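In the two complexes that follow, chain A is the common piece, with chain B as its partner first and chain C second.
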Partner chain A sequence: MKKTLTLASGSLLLALVFSWWWTSRQPSPVELIPTLTGQPEYCLTCHADVPDISPSHPNNTFGCVSCHGGERLALNADLAHSTMRGGANPSDLSVAGISCGGSNCHSGSEADDRNHIQRVMTSVQSTYAGAIANIRFSFGAQPDLIPRFGTNAVTDEQTQTGITSLSAFKPLSESNPFIQKFGENCLTCHVNAVRGDGKANERQTGCAACHATAKHTLSTAIPYTQCNACHNRGNYDLRTMTFIERTDHPTNRLQDYYQPIAQFTKCEYTLDCVDCHTRDEAMGDGDLHANQKDIQYIQCKTCHGTPTELPLTKTIADPNDIVFRLAMLNPVLELKMGDTVLVTEKGEPLWNTRVVSDGTYEMIGKVTRQQFAFRPVMGSHCTQSGKDQSSAYCHECHSVER
Partner chain B sequence: MRPSFFHHLHPPTIPATQARWRYTLGAGGTAIFLVLILGVTGILELFYYNPTPAQAALSVQTITYLVPFGGFIRNVHYWAAQFLLIVSAIHLLRVVFTAAYSSPRRFNYLLGVCLFVLVILLDFTGYVLRWDVDICYPLLTGTNLLKTVPVVGNFLYRIAVGGGEACSTGLLRFYIWHIFGLTITAIILTVWHAFRVRRDGGIAVPPPQLRKDITRISRNELVRREVLAMFLVGIALIILSMLIPAPIAAAMTEKSILGEARAPWFFLWIQQMLKWGNPFLFGVLIPFGMLVLVALLPYMFPRPAAGDIGQWFPKSNRLAQIVIGVIAVIVLVLTLLTFIS
Partner chain C sequence: MSELSRRDFLKLARNGFLYLSGALALGGLLRFLDFDPNPAPITEFDLGPASNYPLNSRTVLSEPPAVLLHTDKGFSALSLVCTHLGCTVKSDAQGFACPCHGSHFDANGNVLHGPAIKHLQTLRVELTDEDNLKLFTA
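Right, the complex of A and B next:
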């Protein structure tokens, strides 16, 4: 008996030592107390090398949990990740209101220009309202082109466009098989929609669809390649209501990227999309719109003016002007009080442009940081009628040969 | 050898036949050892556990992942609690299968059954103290079953849960039941139970004239055997605690309070019956009826023959063996059914 006892006590001691060793080899917790929340979190124990997602969202201020959710104290991967918002993408529109929202963040007031989430939710990029209305109208499911459905149900009580709400489009409730097929195959490219399969559909959803320009990166310097992840990835065949994914791998922007029949001026394939197209166009202006045309309004004349009018400009006189906030987020040029920038007909500042003292203009590429000098049409040899100043007319003379 | 305090807790000698492992199965002694382990590890957990609905699950995560050896201590507490339930059940079955409950030990048998119920309640309240998403559904089911009791249902519910909803405000009440109400009662009953073993003449044996073997072992030998059992159980606890961590889930939030809809393993058999319909019948009446049946075994059937006491499966208490055997099989089969379906 004594031998057995000795053996058992030795084994117990061994088990205790083993358990000590076992416990001590677990990773030691790495704590982060973000200044914004003041609540300790231990994500860095495993994710030590995650860089700040953007200069505006430093890890030390935001930590991980305020955006991603998750169990902040758990060191077990399964448990820690079990309550993450939107999986790896907290900006998916199903959770963006919680992850990116908040009155001090991106669900602020329209007056402060911090209502980004409300704007995205109601934008055509998210609702796809125009295309749905067009298809339903074309196949006789509705008598006019007034949108009734979006990819998700959405309301806008304070709309300026007369469209106060959209119901969720349910393709299977449609009687026409073409509309059903449209719903099945053609709704995967909008930021609110679950992405389709295949390499051509490789993109994130929600805010990240545009702003996540690299892994764990949020940026307002959005290169054209990011836009092309949705806008130039194949063609819809309306006869069969299918999407034909492009199989080539474009390298030359002018030759390979764009549709053969399309016309382009030099700036359209030299600049990035965001150099000209504004936040209202891309993210929406907070109102529900009937289609893309109603919100996309930048034309050549926005920057170049017409033979009879100079482009609109604005001299910065208010230190709280939004141009300073926009320029701070992507500091490609140093704007000062008293600088004059171009503005759109809706009053949106083109903050990466500036009127130069000799009456010409300069634009700094938001992504490339390249400087472009350009002149107004007024005073040039252009004889185009003042009435016909949409971009299509400019293309007649200024498109490049391919 | 001069007897120590621990030796004095034991009788000077006990019958050799009834001191064998294959008779006692070491169940009663192991249960006492597990209670001690649970006390020590439970007290250590108290240093970090925070019994408020907003903080409870986070404090469990703190214990599990951040406190040095906290996860290990919690795992030992968990496994000791599961072992205790199993060992108590084995002890109960052993006592019936060896006719050891026979007079004068009938009252002590009742104390034992009460302790068994307390262990189940302690296991359930301990499970609830995790206060994470996985405990809510079983807690709601369990407490709502109380409401189905005619006449006094709502009163029982208020006693168990208090004023609000089970998953929102009931935590403090379960905490107090777990740490004080049930634990103190269990400690008192355990001491009383052990005392009554001595008072009722030690371990159950036939009267001296009917014994085949009259040899006895000393308390030194008994203590050695107990220590060996403790070592073996200790090793098992340590190894299990390293290999299989205690369950844990995400903290409840306003948006998500419901996790998995699965009862803790010891209540799975009731969950299986609840699928059949009437919650009062299957969730309260039948389990309670089975408990009453078990408690009344020594009083329902004729007294076992004196020579049968302390023998495995004697003929004279066959009926009691069948009743508790059938109950045990029913509980086992119902539990297994939940894994199949």
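Right, the complex of A and C next:
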């Protein structure tokens, strides 16, 4: 009995010494209590050097768990990461509603224009509805170009376009082998597609596909290279239903921006895409659309007007105008009450523009912060009809040689 | 001095192991029980002597984020935590502005424009018998 007791006490002592030694090797917990949640989390124990992901999402306010999920009190990496949302990308559309959503965040009401996630889910960037309808129509699987399928099932009961829902496209359910191959090879660039291998697929999914401009960074100053990750990475070969990665090696912006066959004006390769194209164009306007053209409405005339009309403008008279919020997120231009900015035909303010007192306009690059001064077409020698304003008409005179 | 017999030595060692391991186990248990991984947030802050905050002063505190006012009506405090999502607001010409999402408040903490819809929280300040100030955030 005494021998057993001695052995037991010795073993316990050894176990305690070992436990103390093991504990002393572990990092001391670093606690963060985000003001948003008021709940301690220990993620900074290992991730102490993680910078704020954006000025709008400081670590001290949001912490890590609000967006990433995970076990906030765990000090073991496997356990802490076991319940993270979306792996390293909580903005993947499969989880963005939880990670980025919420009535005060990005799935708020349509009334105050904070329904970003709903808009993205119904946008053509996500549904790819037009491409799917086009291919199915071309190969006889449907009698018209009306979209019936999206990459995921989605509904929009308050639609303004007449398209109330899309069913999930299932290529293997199609009888035509070309449509099957299209589904297999050509659906890799919508914002919730799993990225493929290779340089042509270097992008993330969900919100991060556009807004993650660097590691652990979210920004509305999105350079054209971010858009190029999908929009300028190669071509689809419709004969073989495969994606052909571009093989040229552009050495400057001029070559990098467009495929060799394309025409463009100087501003198209000087500006970044987001300098002109709006949130609704990129993220959707909340309605389901039949194709990209239905939601892409920025034209040369949006900024330059036509020979008979000046571009649309709006003078800021409300301190709650969304123009201030947009400008605050990327303060390239200090707008104030009484300033006049250009607006789209839908009334969206181009918040990086301003009408100058002499009747000309200025635009500040959202990424480059470069200042551009420009004049209206009205009063110039241009005789282009105001009705024919697609870029092809303007390219006739204004395209750049390369 | 009598020699320690082998039997007594083993007995002493055994008892030593027993008491030491028992004491360490008890210490470890107490340490384990004492550790609170999920502590309630601190809601009471000692601001030190009231004399540090002269009449008509306006002192911005970092912990907790608040501004302490000393007027002829006494001491009062306003939280600098934005009521939208919890960022710390900064003073500006109008009063306070949230650097995260652009809410604006006047100098009394009233919302001028959103996205915040609630005014900045007024915090309770108490003067102790020792003329120290205590600030309560809840």
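Details
In this text, the second predicted complex is superposed on the first by the 379 of 402 C-alpha atoms of A that agree within 3 Å, B and C clash if a C-alpha of one lies under 4 Å from a C-alpha of the other, contacts with A are read in each partner's own complex, and residues count from 1 in each chain.
Criterion: a contact is a pair of C-beta atoms (placed from the backbone, for glycine too) under 8 Å apart; a residue touches a chain by one contact, two chains touch by 3 or more.
Every value quoted in this text rests on a predicted model; they were computed, and no experiment measured them.
After overlaying the two complexes on the shared chain, residue contacts for A:Trp22 are found with chain B alone; chain C is out of touch.
Using the contact criterion defined above for the overlaid structures, shared-chain residue A:Pro58 touches chain C, although it does not reach chain B. Of the two partner chains, neither chain B nor chain C is touched by A:Val194. Within the superposed three-chain model, A:Met328 lies in touch with chain C and out of touch with chain B [touch as defined at top]. Which of chain B and chain C touches more residues of chain A is settled by the count: it is C. In the superposed model, A:Leu5 makes contact with both chain B and chain C. Contacts of A:Asn320 after superposition: chain C is touched, whereas chain B is not reached.
By the touch criterion defined above, A:Ile33 reaches chain C but does not reach chain B.
Judged by the touch definition given at the top, the superposed model places A:Asn76 against chain B, while chain C stays out of reach.
On chain A, the surface touched by chain B in one complex and the surface touched by chain C in the other have residues 2, 5, 9, 12, 16, 19, 29, 42, 73 in common. Every residue of chain A that touches chain C in the complex is listed here, in rising order: 2, 5-6, 9-10, 12-13, 16, 19, 29, 33-36, 38-40, 42, 55-58, 60-62, 73, 104-105, 112, 114, 319-320, 324-325, 328.
Of all the residues in chain A, the ones that touch chain B in their complex are 1-2, 4-5, 8-9, 11-12, 15-16, 18-19, 22-23, 26, 29, 42, 71, 73-76, 79, 82-83.
In the complex of the two chains, the chain B residues touching chain A come out as 58, 61-62, 64-66, 68-69, 71-72, 221, 224-225, 227-228, 231-232, 234-235, 238-239, 241-242, 245, 248-251, 253, 256. On the chain C side of its complex with chain A, the touching residues are 10-11, 13-14, 17-18, 20-22, 24-25, 28, 37-39, 41, 81, 84-88, 99-102, 104, 112-115.
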